[in-house]
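A, B and C are the chain letters, set down in written order, and residue numbers restart from 1 in every chain.
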Amino acid sequence: MQATSKGKMENISQEPKPQDQQNQPSTKIEIEAENLNFFYSQKQALYSINLKVPEKSITAFIGPSGCGKSTFLRTINRMNDIIPGTRVEGKVLLNNQNIYAPTVDVVDLRRRVGMVFQKSTPFPKSIFDNVAYGIKINKLSSSRAQLQQMVEQALEQAALWSEVKDRLNDSALALSGGQQQRLCIARTLAVMPEVILMDEPCSALDPIATEKIEELIVELREKYTVIIVTHNMQQASRVSDYTAFFLLGELIEFDETEKIFTYPKEKKTEDYITGRFG
Amino acid sequence: MRKLIDKLVFTICSLSTVLVLAILALIIIYILANGVLAINLDFFTKLPKPVGETGGGMVNGIIGSAIMVAIAALISIPISIGAAIYLSEFGKGYLAVIVRFLVDVLAGVPSIVIGIFIYTIVVLPMKRFSAIAGALALAIIMIPTIVRATEEALKLVPQTLREAALALGAPYWRVVLEIVVVSAHKAIISGVLLSIARVAGETAPLLFTALGNRFLVTVLDRPMASLPVQIYSYAVSPYDDWHSQAWAATFVLVMFILIINLAVRFFIYSKE
Amino acid sequence: MRIIEADLNKLKEKINLMGSLTQDAIEQTVKALVERNTKLSEEVIIADDKIDTLENEIDKLATDVMVLRQPAAGDLRFTITCLHTAGIIERVADHAVNIAKHIRVINNEPPLKPYVDLPKMGVITREMFGDSLQALINGDTNLARQTIRRDDEVDELFHLIYDDLLVIMQSDPTTVKRGSELLFVIKHLERMADYSTNICEMVIYMMEGKVIKHTQEAF
């Protein structure tokens, strides 16, 4: 949490000098959508989305239900592929490589782009095996000792290790909701992704568990590019560096979070975040 | 007035429940009363005595039923679970619709028709009643039950669990076998157990296939005895001793089904 | 209606009331000065209590809005503007009170000379404050920008009167007391005009999200 607020303070103090912004070191773009259209059978759900997400940043997608924010999130790891009748036009670039190119291995793409879901989804396995599953599948460890060490590291990163280290062989289903969600994050981290997508990761959690996850998300920015879909605008403003506002399948506005929440350029964004929407 | 109707509906529903329970209780008490008297160690260990002599048991029927149900299960479980996985995880097109329809039709076919079918395609060419024919008939009866139970169980596995596994970079077939089927294993095993309980009591399909045997056989190409068929033939006989043995067999069968049902209940509600 | 709307309206009403009272204070001070009416200036001093109370009320209300309603975007900028502006208005009113206190001394002495530029400066200052308040209430950035430009007129008059007073005091030492009191008065008026431009800057922040204070941005 401290990291964000500090970052924001610096930005505010820079604001009176607009020329500063041009001089900022140009950050590397991790994810880029180019004229992305998306269809569920006949129904178009996304309309020519253009978006550039810088690496090692946290981007929040906000917007009312059905605005396409989750759909867009799921195009980034091609999770929509498993829904019959869906169709994509345009490009999504991950490190300048079009993930919809025919040569792309979807299974490997999904390892590189991890995903955490709204409902925590522990596998009906032990805590250890939940984290180990992805490592084993992707053959990331060469020995039992290395596997154990990777599991520990992932749990540590997800701020769960101290809570579960004495009961790694217990069923993951016995954990609390917040712990399960952190387990799911640990499981995602264990396969060493570049990007982490989060689809409303706190919407089923109480405020304390939510705060823990939010702190975790902010820490993840050190190593990963994080995109989080949230219905909670306070959450978006608390954790994210950039915010994208979607409405009816269109990207209305994308900017630094403090700009979106203090002076959005688009009236539709202003109406939505001040609750005039509807 | 509203209170009155409320009470009336409650009373009618309660009475219906009592009636159902009463019928069930009556059946079980009747079977218990008649069966317990006739049951003894000989029943489980001795072969039937020749006509006219009293005593003897039904060891041939018990073993026969066990063998045929076991073979039926071995045949039907892999086929059914495979088909259910196909229907739940891969079946999106016309083929799935057709398969699902056929499974439904199969579930509705009277078991005696299946007996006749096996009689036509197995017994007639072999020119002999056989255990394998009986097992095949039972397997066909088991298939739709297991397919439907398994498909439902797989469909109850949340979609996000599949997506979560896919998101870790798991290929779909591994997700299905290692995550989806494992998540649904309780419901699948329950479905299998219930279908076993059901076919254990089937009589009609065995009449035309396994026929029955007064001796204990363990080879599969000979007629084989089974509890339900034996109950049938003993019950229609004119001998009192056979009648009471039929009761004993009925009692064993009912206890078997009851225990399986209890086991399923216990299994479903047990924690990991 | 949005829940926050009622609170924002209440904030606006209070700012408007506080501004009007302050404008009255400026008007009365200038009148008391020009017409040498000490009684009127005493009223200004008494009336200031009400303005101070309003500032506290606005501070509390704005804090409540931020904590309880979590305003965003336009709502947030409006709330921040109210919080900020209440402080500025309160200082404007304090300057009016200070002038009123100097008037006590000045009016005990004979008039220095017929005031010409001083009433002009008073009127412009009062108008600038009135306009900045109106720009705030109506969200009128054009009026805000015009008002900021008028600050130069006040500065010009300040230097004019200042030089004038120096000449008078150098030529006749008996005028030094009255003259230096008047120097304070024009300094206070000049500060009031500056605060009015600060209010106008907040209006531009509120409406356009731009922070223009301490910048050379041309408008």
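Here is the rule we use: a residue touches a chain if its C-beta (ideal position, glycine included) is under 8 Å from a C-beta of that chain, and two chains touch if they have at least 3 such contacts.
It should be emphasised that the depicted structure is a prediction, and the values quoted were computed from it without experimental measurement.
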| query | Computing the C-alpha centre of each chain, which chain sits at the greatest distance from chain B? | reply | C
| task | Please list the single chain whose C-alpha centre lies closest to the global protein C-alpha centre. | result | A
| field | Centre-to-centre distance between chain C and chain A (centres being mean Cα positions), rounded to whole Å | value | 50
| request: Go ahead and note the Å separation of the Cα centroids belonging to chain B and chain C. | output: 93
| query | Can you list the chain B residues touching chain A in their complex? | reply | 92, 158, 160-172, 174, 178-179, 182-183, 272
| Residues of chain A defined as touching chain B within the complex | 77, 79, 82, 84, 107-108, 110-115, 117-119, 121, 123-125, 133-134, 137-138, 171, 173-174, 184, 187-188, 191
| note | The residues of chain C that touch chain A in their complex are 2, 4, 70-77, 208-209, 211, 214-215
| query | Where on chain A is chain C touching in the complex? | reply | 15-16, 233-234, 237, 259-264, 269-270, 273-276
